[in-house]
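The two complexes that follow have chain A in common; it is paired with chain B in the first and with chain C in the second.
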Partner chain A sequence: MEVELLELLKDLETLKRSLPDSSLHASIDKMRLRVDYVTNLANAAPARRSKVKDMSAEVVDTNPYSRLMALQRMGIVENYERIREFSVAIVGIGGVGSVAAEMLTRCGIGRLLLYDYDKVELANMNRLFFRPEQVGMTKTDAAVQTLSDINPDVVLESYTLNITTVQGFDTFMSSLKNKTFRPSKEGSGVDLVLSCVDNYEARMAVNQACNELNQIWMESGVSEDAVSGHIQLLVPGETACFACAPPLVVASGVDERTLKREGVCAASLPTTMGVVAGLLVQNTLKLLLQFGNVSPYLGYNSLKDYFPTMEMKPNPQCSNAACLERQKEYMLTKPVRDAAAKAKLEAAASVALEGPLHADNEWNISVVDDSDPDSIDGATSDALPEGLKRELPTADEFQNTPPAAVPTTTTVDDLEELRKQLEALNAE
Partner chain B sequence: MEVELLELLKDLETLKRSLPDSSLHASIDKMRLRVDYVTNLANAAPARRSKVKDMSAEVVDTNPYSRLMALQRMGIVENYERIREFSVAIVGIGGVGSVAAEMLTRCGIGRLLLYDYDKVELANMNRLFFRPEQVGMTKTDAAVQTLSDINPDVVLESYTLNITTVQGFDTFMSSLKNKTFRPSKEGSGVDLVLSCVDNYEARMAVNQACNELNQIWMESGVSEDAVSGHIQLLVPGETACFACAPPLVVASGVDERTLKREGVCAASLPTTMGVVAGLLVQNTLKLLLQFGNVSPYLGYNSLKDYFPTMEMKPNPQCSNAACLERQKEYMLTKPVRDAAAKAKLEAAASVALEGPLHADNEWNISVVDDSDPDSIDGATSDALPEGLKRELPTADEFQNTPPAAVPTTTTVDDLEELRKQLEALNAE
Partner chain C sequence: MEGWDTSTKSTLTQIPLLSAKAGPRDGASWTQRLKEEYKSLIAYTQMNKSNDNDWFHISAANPEGTRWTGKCWYVHNLLKYEFDLQFDIPVTYPSTAPELELPQLDGKTQKMYRGGKICLTVHFKPLWAKNCPRFGIAHALCLGLAPWLAAEVPILVDSGMIKHKDDSSSSAES
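Up next is the complex of A and B:
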């Protein structure tokens, strides 16, 4: 459009010069102003937010990070802004990967590496993220378009390739090794790899790369009937790798997709994929920002809202050579890890002896002995701030009720005591 | 822009007529063609998909419903297309409500009613759905813009109002009662109300409306520290209403938001809100399309990946008069419900006696007696289709291994046996 408008300006200029009658020049100048105006309108991109240098906790409507920095104030995360140092690679930008990418982008992750070879189709519209006007674009291009609009602070790298081809795998490996973003980082150039692919071959490729690079990664998957899914943490040498416990039946030597019956496709739902992406990125945040417990495995059975968990140790007979190497390294460093863990426990114990955990006590929390009725009745512990009322009576309104006769519970102190009780019971 | 371009065309026409020298007419005609071209480009709206009359299960890239209709083929849903008959009202288009609306839109829900009074801010960008270029728009307008682009088949109704004001509540009530979309529907005009609000007052307003209308609804919420949430099903008269078990401390007579400390805001995460929205809409689909079990209450503790469930009966001393009325009605209709449930059970039992559950047996499933080694070795039950191989040896390859000597486990039949064992152990 800009080219056409520029040509139009040139045409007007030419016409003006060739006109013998200068009385018409004014009308041509008016037309040139109109073209300028239209050019400006055409060039005006939709309002994008500008980059933010530092993450601020300031509570104003214009701060895109206020609700995230509040995680520090709430005592959940110690240093939220560290998120800008991290690089996360997402393999497979489909129903799970695209939503995971959007969540990390909105959280202000430092750098995202996106891998996919597929194009957006109307048949993908039953999952979140991609829009109908992106049909025909590669998923990586469409993702970069959407994500850079949402948060220009995130460094986005996109790789339109298939990691299961020889060349694709090489590029995948070298992109993971690249440390330009944070040269001081130990190990590979990324902090975490998220596998969001939909087939066995691609999972095995991610597994191979991560075992070779000694790279922590998380696997995710959704069932063909769309109603269950899972996420799994894989730490080379420490937990089972993807080849340690392979599925019972897999495709061999043929494209998995040709195995599917003609005219039959897997079902999918935006709900299941949204939940799996949410659980995946929540565990990513817990791992990177060090809060809560990272789940080694978490399933989601949506028909029953059942969430199974388990842990899997590596298989000493694993078919993957790199996995066996990582297992050996892990065993060799075990004494060092044990000593470090012991020292950390002892340090924590001595700190606990030295004084209160939170010396500043910003929230004025005080420990009250609840066996002492005076302190419960005290105004400091019981009064509510102005504007708040209790919906139920407070505890002391029940204090005049005589306590019901409850059987006395015997405290069991040791095994000897337990043995005596057992004998007494048997003697009856 | 179109106006300017139209004026430009008129200017060129005027100029052409006023030109004495017709040799310049050709160059003006060329300019007019350029303007036409630019006008066409400017008018080309971003590619939107056209409306779809019937949901098709055809497996082609251009079918936006193929992966949803596949739920029928997978045996999860009996009649997916029924989703087009349903109306769902979403109150609160924030971090949970907007994602719930997008999921239902992508699933092809018949009609969505959206309620919110707030505007989009940059501070909302840490959650999914809204985009920076929508800052300043009302959340309802921005949602309608995005959702109608994603799926033009969904009937969208948006209400920019606060349901806790007298006038807002009246409009809310009458919009729920409106049955124009499906006049034959029993009860109110909507099939489900989803509460995705962030304060007590608004929840009480939804509770009041649903108790008065005898309307099933689901409540959702996310904690102020952003790391937990819940969903809850509320069936007036049958389960606890929101007033049956109120929170212990609530705001009274003042705006809840003024209670928050100056410069402190609640934390929020796209992950927690995405998971809660996913669980909420998954349970919505299960309720409307009748598959799986709808959870009466489901919590999400993200620090531990723990998902508590519970059921709550209505409170006979509930402070809400409409709730008490619904409870009375529910008790009165109990004999009818019991009789219907009994008849259904008996009908199911008699069908089971009459013949096989699936007479057509499309997948050629046959029951094999696994105590008969011949049938296990038989080619029909064990051969894999071409292109598949087993990763582990089949069961019969282990048959020649002599069984290891394992201690015989004594089966304990009754309490008497258990007592004897205990005595024997104590005699040692």
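Up next is the complex of A and C:
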């Protein structure tokens, strides 16, 4: 193709010289520019990079990891290359999940497991990541297409399923348990689950799976009015689970009664979703690579640019049985944790005696957070930090009141008989 | 019970409540729950028929009772509009309600999530959460689907998004 284009340029040059009428020269020059443009396009044809064996810190423009490995040289991260050992599962490849997947892919994460049952639609184009030519593909397939081009080192697994159905949930659980990527890993086969779904039902399904598997996960969400969002770290037994208390969301400050919902389900903005994805993956990197403070809960109110934080303890009366089991286990290991924390404190104290860090801090900047995040009990819904609210009420204490006698018109208690009765009614 | 009309409210209070807190992964307790679901659905259907307001038929589509399919219909300007109805019982049921789907209307209204799942009012989920595990499939249909059809079918018809099938079987309600 390049040769042909060169020939074309030569022909145009010959033509220009042979023309006595110079008034046509301008249009021939324009055609030559167009050929140049096409030549550039042809030269820029996509070339897939090959996989790399080790992450190099060498600063050359062919090394995709040089700027990331620089984090290690600067002392921010102790061992960046460990990122290649980690597996992260992302549930929901929408406006937040797809961007989170791209960020982790560019960071060189070891393995990504992607879950979604939906297809790419034109209506998704106000968000980042997916492209119009991917309309009609499943979100998981389209994501694998793009992500494997960006970074072929990442192991990608895609699961086109709905985790809230019985069958989808089974596959979800077994895929999280699979340890072939790193057989020596303790616990499940993944290091972290990221929930990037847009509904309560799916979040409760992720919560169920993670409580059963004792799996750390992070929840993320963007409000239906698209102007606020949050991320939350959930450690089974240690922090409140998603069922311990009604979901905590950021109040947008817009009066619910004046919010116009007529004729629409939900709005979305690429900005809010991008911010939430960024907060989510930043927290993920801090957790996996052990740097900075991992936020237990971080809200984002875009109308006021307000970021509330807090932490939530588990609810001893949680309705989720697996959560209660994890809480019990956590209590049993308390003495071990206390001893470890004490040893760590003593080690830190002896370091502090050797002299203050940054004694020459001329601007007197404090890098230590001087305010502890608000801590609330998962069992109580009062005393919420400012700017946060409960999305749903707690269930009534039904256990204390005997269920009302069911005034059914049938005394039958056989499943097959009941099924036939309903069928008979349907056929009437 | 803010947010519902009086007839929905009075109907709701007559649907038998359930007591087994069990989902499809809970083995024998799920069977118990399934029996309660049938009893409550039978009572609701009988009630609708006796009030001359029969508006849906559903049946379990698998022996486990985790997937349900059927029909629902709505009469507007004396014409009956009928739609396929389907839903799965989620693994976290009854903490979370089933997501009711009308696949034929997918993409025809803003009041729907992808896949034809109807968009419920802000009042539904709080009430469901508050009444877990006493509400079942029948309550979800009464509180979720019935008001949705009443609000959306007239709009869909008047805007020409759906047309009436002119065959005799689906003409004006008898």
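Quick notes
Rule of thumb we're sticking to: the second predicted complex is superposed on the first by the 283 of 428 C-alpha atoms of A that agree within 3 Å, B and C clash if a C-alpha of one lies under 4 Å from a C-alpha of the other, contacts with A are read in each partner's own complex, and residues count from 1 in each chain.
Keep in mind that, in the parts below, a contact is a pair of C-beta atoms (placed from the backbone, for glycine too) under 8 Å apart; a residue touches a chain by one contact, two chains touch by 3 or more.
Predicted model, so just to flag it, every value in this text is computed and none were measured.
In the superposed pair of complexes, A:164 makes contact with chain C only, with no contact to chain B. In the superposition on chain A, A:135 makes contact with chain B only, while chain C stays out of contact range.
Once the two complexes are laid over each other on the shared chain, residue contacts for A:274 go to chain B alone; chain C is not touched.
In the superposition on chain A, contact of A:121 is made with both chain B and chain C.
Once the two complexes are laid over each other on the shared chain, residue contacts for A:423 go to chain B and to chain C alike. Once the two complexes are overlaid on the shared chain, A:106 sits against chain B while remaining clear of chain C. Comparing chain B with chain C, the partner in contact with more residues of chain A is B. Once both structures are placed on chain A, chain A residues 121, 246, 263-265, 392, 422-423, 426 are touched by chain B and, in the other complex, by chain C.
Residues 16-19, 21, 24-25, 31, 34-36, 38-43, 45-46, 49, 57-60, 64, 66-67, 70, 88-92, 95-97, 99, 110-115, 119, 122, 125-126, 129-134 of chain C are the ones touching chain A in the complex.
Interface residues of chain A, counted against chain C in their complex, comprise 117-118, 121, 162-166, 169, 199-201, 204-205, 207-208, 243, 246, 256, 261, 263-265, 319, 392-396, 398, 403-404, 406-410, 413, 415, 418-419, 421-423, 425-426, 428. Per the touch definition, chain B reaches chain A in the complex via residues 1, 4-5, 7-8, 11-12, 14-15, 18-21, 24, 27-28, 30-31, 34-35, 37-38, 41-42, 46-49, 58-68, 70-71, 73-76, 99, 102-103, 106-108, 121-123, 125-128, 131-133, 135, 149-151, 224-227, 246-254, 258-259, 263-272, 274-275, 277-279, 281-283, 285-286, 291-293, 295, 298, 302-305, 307, 309, 384-385, 387-392, 422-423, 426.
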